[in-house]
Each structure stands twice: as C-alpha cells, then as structure tokens.
Amino acid sequence: MAISKKAYKAELHTLQIALVESQARLIAQGRKVLILFEGRDTAGKDGSIKRVTEYMAPRHTRVISLPKPSDRELSQWYFQRYVAHLPAAGEIVIFNRSWYNRAGVEVVMGFSSLEEQSDFIRDVPAFEAMLTEAGIVPIKIWLDISKEEQARRLEARVEDPLKHFKTSPLDGEAQKRWHAYTEARDSMLLRSHSTHAPWLIVATDNKKQARLNVMRHLVERLAVRNLSVDTRAIDPDIAFMFEPEALIDGRMAR
Amino acid sequence: MAISKKAYKAELHTLQIALVESQARLIAQGRKVLILFEGRDTAGKDGSIKRVTEYMAPRHTRVISLPKPSDRELSQWYFQRYVAHLPAAGEIVIFNRSWYNRAGVEVVMGFSSLEEQSDFIRDVPAFEAMLTEAGIVPIKIWLDISKEEQARRLEARVEDPLKHFKTSPLDGEAQKRWHAYTEARDSMLLRSHSTHAPWLIVATDNKKQARLNVMRHLVERLAVRNLSVDTRAIDPDIAFMFEPEALIDGRMAR
Amino acid sequence: MAISKKAYKAELHTLQIALVESQARLIAQGRKVLILFEGRDTAGKDGSIKRVTEYMAPRHTRVISLPKPSDRELSQWYFQRYVAHLPAAGEIVIFNRSWYNRAGVEVVMGFSSLEEQSDFIRDVPAFEAMLTEAGIVPIKIWLDISKEEQARRLEARVEDPLKHFKTSPLDGEAQKRWHAYTEARDSMLLRSHSTHAPWLIVATDNKKQARLNVMRHLVERLAVRNLSVDTRAIDPDIAFMFEPEALIDGRMAR
Amino acid sequence: MAISKKAYKAELHTLQIALVESQARLIAQGRKVLILFEGRDTAGKDGSIKRVTEYMAPRHTRVISLPKPSDRELSQWYFQRYVAHLPAAGEIVIFNRSWYNRAGVEVVMGFSSLEEQSDFIRDVPAFEAMLTEAGIVPIKIWLDISKEEQARRLEARVEDPLKHFKTSPLDGEAQKRWHAYTEARDSMLLRSHSTHAPWLIVATDNKKQARLNVMRHLVERLAVRNLSVDTRAIDPDIAFMFEPEALIDGRMAR
C-alpha cells in the first residue's frame, strides 16, 4: 500500500490532467457539481481539496468554508446559508465541511438542540433529493482517519508554526470524545446515504493513497468517458461506497 | 357587501393597529412569518401589501418582488434565489409573487419546461414542510378576481398615467388566456394546499372588502390572542381556506 | 401659505405624474440618480419618500434605510456599506438617512470618535465629487423643522398606536439636545454643500407645502424638460438651495 | 542571483512562518490590510499569491479575483464592485488584479472609453488616500517581467495540460502589444504612486527570487517588529519602491 514519492507525483499529475479535461467538458455542458468533504479533525480535508482544485478553472470553481453562523443566521432555516452557494451551470462547488456539521460536531458538543438535530437528519435526504432532481451532481466524501493517526497529526500540528491557524480550541475534544464522534458518524452515514446522494468513504491514514483515490473517484464520477485514466485503479481497501457492513467489518475506524 | 368609505377607513385603522400590536409581539418572541401574495394580474397584490405593511416595523419587515432571473439564476436550483430572502427571527417577509410563478405564468406562457414545472409542483410541498418545521409560519394568499373585473382594471390602468409602471407587455395575455390561467390556478391550488401550508382564497372584485378580509385573516393568524379585533368578522363569502369544492361551487372565478 | 386638502391632492397628483414621466425618460436614458433625505427626527422623511416613490417603477427604484451597523461593518471603510447600494444605469436610489449620520446624530450623541467625524467631513466632498463624475446625479435634501413643531409631532407619535414602530429610545434627546443638533446641522451644511452636490433646504412645519416643494424640486432636477409642470411654482420661503446666510437670516430653524 | 532549490525552500519556510506570526498579531490588533497584485500576463501573480496565502488564517484572508463585470456593474461607479470586498478589522484582502485594470488592459485593448480611463487615473489617488485614512494598509505590488521571459512562459503554458484554464484569448495580445502595455504601465505607475500608497516593483524573471522578495517585503510591511527575519535581505536588484528613474535606468522591462 505504500507508494513512492515519485510514483505518487506521477499519478497525481495524470489525475489532475484528467480533472482539468473533465471540468472543461462540464463547463461546456453546463453541468453542476457539488462536492462535500467531511471527516474528523485532521482527516485531510484541506489537503485533499488543495490537490483537487489546484489546476481547476478559477471562475468555475468555488471552495466554501463557512464561518460560525451569526445569531441572525442561527435563527434562519438551517440550510439557508448553504443554499446561497449552490452551483450554477458549469460550476463545481466544494464544501469544506457542510450542512453535516449538524450531524457531527453539533451532536457531540451539544451546539444545537436535539430537536434541531432530528429535524436535520429527517430533512436532509429530501433536501438532497431536490438538488439532485435539479440537475446538481452531489459527491459526498467522508475521510476516515484512525484514532492513533489523528493523535499523531494533532500533536504534529501543535509543534508546526505553519499550522498555527489550523489549531482550534476544539482540538482537544477530538480524541477525548472519539467514541461520541464515531457514533455520530455511524448514525449520520446510515441515515443520509442514498442511491442518488451516496457517501464515498476514503481511509485517510495513508495521505498519498487517500488523495489519489479521492481523485480517481472524482474523475470517474465527473467524466462522461475519460481515456487517459483507468478508474479501475481505485483501491477498494482505501475508497469504497458506503454500506452499513463497513461500520462493523473493520473497514472503518472505531 | 358594499361598505362605506368611512366604515372602511375606520376598520382598516383598527386592523392596522392590531397588526402593529401583533408584530410587536412577534418580534419579542422571535417568530418568523412568510406571507405569499399570489393572484392574476390586477388582482390587488400591490394594494393589499401596501395596506398590510404601511405601519409595520421597517427593520423587521421586507417585501420581496424578485426581478426576472438572470441566466445564471435560471441554471440554479429553482428555490435558491427565494431562499436568500427567508425570514430570520422576528421578521415578516412578504413575497409579492413567489416561487408559484412556476405553476402560474410559466405554465401558461411556456416560460419553463414541462419537466421543470413538474419538478416544482412535486417538490413544493416537501420544501414548504421543511420551512414549517424550521419554525417559519407560512401564509399563502390567493387573490381571486373575476374576468370582467380584470378587464375593467386593465383598461383603467392603461388610461391612468400614474399606473404607467404597472403595465406590462403580458397584460394582453391575461384576458386572452383566461382559461389557461384558470386551469393553472386550479392545478396549483389542488396540489400545493396542505394542512401546514394552506391557501387562503380572497375574492377581490370588491377591493375594500378584500383588503379588510386579508387583514382580518393576518391578525387571526399572527396574533396569539388579540382583544381589539373580532376575527369572526371574516366574511366567508370573501375569504375562506381553500378546499377543492370551491373550484366548482361558484366561490371562485372561472 | 395654507393649502386646501383638495388643492394639495390635485397638485400632488400632477407632480406624481410628472415624476412618472421623468423616470420613464431616466430609465430610457440610463441615468443614475441618488436622493438623500436628511433632517431631524419627525421632520417628515418617511412621509416625503412615500409620496415621491408611490408610483415609481418598482424595479428601478430603491429606498435604502440601513440598520445599525454590525461590529464588522463598524470596522470597515465608513462609506463601504453605503456604496453597495449606489444606483446603476436607469436606477433611482433614495437614502432615508445616509452617510451624513456621521455628521449628525453621531456628533451629538458621541456614537463615533472625533477623528472618525473629522475624517468623514473632510472626505465627503471628494467622495461625492467622484460619484458625480461617474454620472450619478446627487440630490441632497435637508428637511428643516422648528423646535415647536417637533415637540408637537413627538408627542402625537407617542399617542398614536400606528406610530409604535416610529418611536425610538433617542426620541427624548431630539428636544433636549436641540442646540447641539442645530450646531451639527450648520457645520454639516457649511462643509458639505458644493456646486456639484448642493443641499436643498425644505421648511417642513407645513407638511403639505413641504411635500409639494420637494416634488417640484425633484421634477425640476430630474426632467430634461417637462411641459406639464411649472417648476417656477417652487415656493422660495419653503424650499431653496442652501447658502450660509440662511443659517442666520431666519430661514432655518434655530 | 540563482538560488538552489534547497535554499529557496528553507527561506520560503522561514518567511511563511514570519507571515503567520505577523498575521496572528494583525488579527489581535484588528488591523486591515489590502494587497494588490498587478503585472502583465504570466508575471507570476497566481504563484506569488499561492505562496503568500498558503498558511494564512483562512477566515481572516480573502483572495479576490473578480470576473468580467456584468452590464449592470459596468454602469455603476467603477470602484463599487471592489469596495464590497475591502477588509474589515483583522482581515487581509488580496486582489489578484484590481481596479488598476482600468489603467492597464482596458487602455491597451480599448475596453473602456478614454473618459472613463481619465476619470479613473484622476480619482484613484484620492480614493486610495481615503482608504488609508480609514486605517487600511495598502500594499501595491507590480510584478515586472521581461518580454523574452513572457514569451517563454506563454509558450510553456500552451503545452502544459495543467495550465489549460490559465490560457485566455488575450494571451496573443501580450507580446503583440508589448509596447502599448509598457506605456500603460509607465503612465499608471507615475500617476498612482504616492507616499501613502506606494508601488513595490518586483522583477519576476527569476520566479524564486521574486517570490522570496515579495514575501520579505510583506513581512517588513506587516510586522510591527519581527525578530526571526532580517528584512535587509530584500535584494534591491529584484525588489524596490517605485521611482520614476526606474522606468529608464534599466531596472524595469521595456
């Protein structure tokens, strides 16, 4: 499963070219793509998004990472502030964390009421179904990290002055409340996975393999047909469509 | 059914006071209200909205009348540009024409595809249910005008220089396509009326009675309890909650 | 100087028609108009704006009444939140209170620092000059009320339940700090009056005359040529272009 | 002047740490920073911005690259769409191309009228002076490339599939109209350089040296005092504050 730096760079290069080609077609066809990156702290959302978007068309690509909602926003319909950023024709919108906050950190930390959380998980399938019917292609990616690897990364983060702005007061909770986060993840995946808006799970302890598999998946999903990439190369131990068994058969971190 | 100018002014005054009192409470309680005004051309949407909002709290009341969508907006999720204006805590938002355009003028004039129209009417109940669950109180009002009265008003509009900006190139179609509009209305009401987001029908040939009954209904819906107004005064020949029979028993214009 | 209700209504009607005609031309020519209404509390800003805009083209007219700035806005360039609303081609934008807050209520109540107030009054002529060069027609209107009339209106406001949302915690200060407001007004007019962006002063104790004269002035300024209205009708005792002498010769309230 | 890859990476790392430290202080102090990157096509704006922002605080840093203006925007005050993005307290805003478009590409390609261009160059000093008075720190950077190096990069761009979205229909004009662009640049620098909003010129044929010098300059400008970086290291052959002589003494590309 290890991959040499050279082989990684070569394949990353090939995949980025394939993404550029795919996006050129998406733009020409006026298709709308919505990519959500979710996962525990340090699971690699920022790094994956950086590689995915590096060569994309700047005027047709937006990465959305919403700040803490204002009091006024907190009182609005929960999806309202996200809806403002949904893709128009020819656009790829990437959410770095998304409406699934309400089923993750908010559940674990108690940042919203039980009723708000129930409303969310009940409504999210219907909401995503509407977007799908409107021609938006949803790609939901869960980056799955193990407890040990997260501990290593959190520690490294504290020591690296370049990661100053990545640290947060909540970092300490990620390990302490590991099991609560696991339970929230399981419940979220089980209740929001659907045929039209499925979850892709990507094991992320091996960063390079994780990034390559995320990109292979995107190329497969975005390309009508792409001759330059063999998407059969997706490693099923690293990346797979969610299914309930994965929660108990050792494929996902516990 | 006729009402003297003096009696009209007196009751309008009482009702406007009741609305002011109701809104003060809504603001204090942080409630969210969404009022949609729909109806054929000249049915009296602008005039009703003017009386309703005249004394309302300017910073907690918004009247939304969206312009023709841009090409970019046309390619987005249909509800997206409306969602941006949904009420936050303590706000009353009034849509002067709303997402129901897709079930009315767009159907009659062919401004959108049959598939888009089907998507809309299928999704609107689920969409409105979500808003209701989020604590938004939806009040949907259909102003119902007769063919003869519309003809009179369209004519008067052309002759009145103050109504210059009310005329539109579509005015000619309102009478010509009367029956197509009737069918679209019937279909829309039947398919989007629900317990949590019902339609109020208001016969509008008599402008004064229409306005008073709209306001009585609003006071009734908005007030927790309002001692100064007897909402039993709503005239059931003028204003009533929609029910399918109303389409055929003579209560609505054909 | 008194005017009968009937004569008032007749002339208001004529003037509103002239405004409608003028705006139709402005839209066709793609001109940009910016109207600022300033004046002490109860001076009649809302009422004047209501008559001016009553029949205007809804999609080419915007009335802007900005709420209290957020903390983030307070830290930005002072003009930033106003600039967002400046008119595009064919639009008339009316500010109900404007950037001149910084030279009025903020000075009297100490809501901003002396330095911020100095920055403002130094920069505002250059700022308005730029807008003028960009083709925006600025019309700045100061509604001038006397101390006695303001006292009467403040009192009436408290007693009228329909004016509930017009009252504010600052109402008490208007009379108490009358002279501080007068000084702030004098200083503001002297330092921000210019050839390209002059102030119109309108005495407003007589509401009907004030409204008529505001509208006559607008018709004169907006119309290339308008045959239906004789703008010589502007009453020089009621409405006149600002000049320093007016501060001391009895034409303005002290 | 050549620098080894290893030395480059080491110094880049040091500088990025210094920028992170500086930004942490800027945020704490609530300062506002505005960085403009200008320069001919391929001069290295994107690459420089990428290194500068790589580790910055995502919620306090915005990179603005405005799309072609809409017709409505074209009719507005020229600065209006830029003003919307000016920094609030604690924010660093980076414009990837800015209002100086009007003095560069628009002049060369005739995308605006001579009058609009004259208005701009007359108003921009007063406009920037206002922002400076409002506490915004403006840092204007001109990346200066030679004709030969631009030719090489344009060619390489065409052949690199990853640069697909960097190519533009205007690329051909950059070399063809080289002298017109030079004249526009000279005129722009001469007329918009000022003590409060000076231009930094950075020779960019050597990409690595250019990036390091941009960052050294930023550290110097942003830091109240920064012990970890010796800003005397700025190479005066690569980066210097603009002065008219530089246009003729060989320091800038012709």
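In order of appearance the chains are A, B, C and D, and numbering begins at 1 in each one.
Please note the rule applied: contacts are C-beta pairs under 8 Å (C-beta built on N, C-alpha and C of every residue); 3 or more make two chains touch, one makes a residue touch a chain.
Molecules present, by chain and UniProt name: A, B, C, D = ADP/GDP-polyphosphate phosphotransferase.
Being a predicted model, the structure only gives us computed values, none of them experimental.
Q: Would you identify the chain whose Cα-based centre sits farthest away from the centre of chain A?
A: Centre of mass proxy via C-alpha means gives C as farthest from chain A.
Q: Quick check on the interfaces: A-D is repeated by which of A-B, C-D or B-C, going by over half of contact pairs matching?
A: B-C
Q: Counting C-beta pairs in contact, does A-B beat B-C or the other way around?
A: Spelling it out, more C-beta pairs touch across A-B than across the other pair.
Q: How many angstrom lie between the centres of chain B and chain C, each centre taken as the mean Cα position?
A: 33
Q: Return the distance between the CA-based centres of chain A and chain B, expressed in whole Å.
A: 41
Q: Tell me the shape of the graph of touching chains, choosing from line, ring, star, complete and other.
A: ring
Q: Spell out the part of chain A that touches chain D in their complex, as residue ranges.
A: Contact set of chain A toward chain D: 13, 16-17, 20-21, 23-24, 55-59, 65, 67, 161-165.
Q: Chain D touches which residues of chain C in the complex?
A: 30, 32, 72-73, 75-80, 83-84, 86-90, 119, 123, 126-127, 130-131, 133-134, 136
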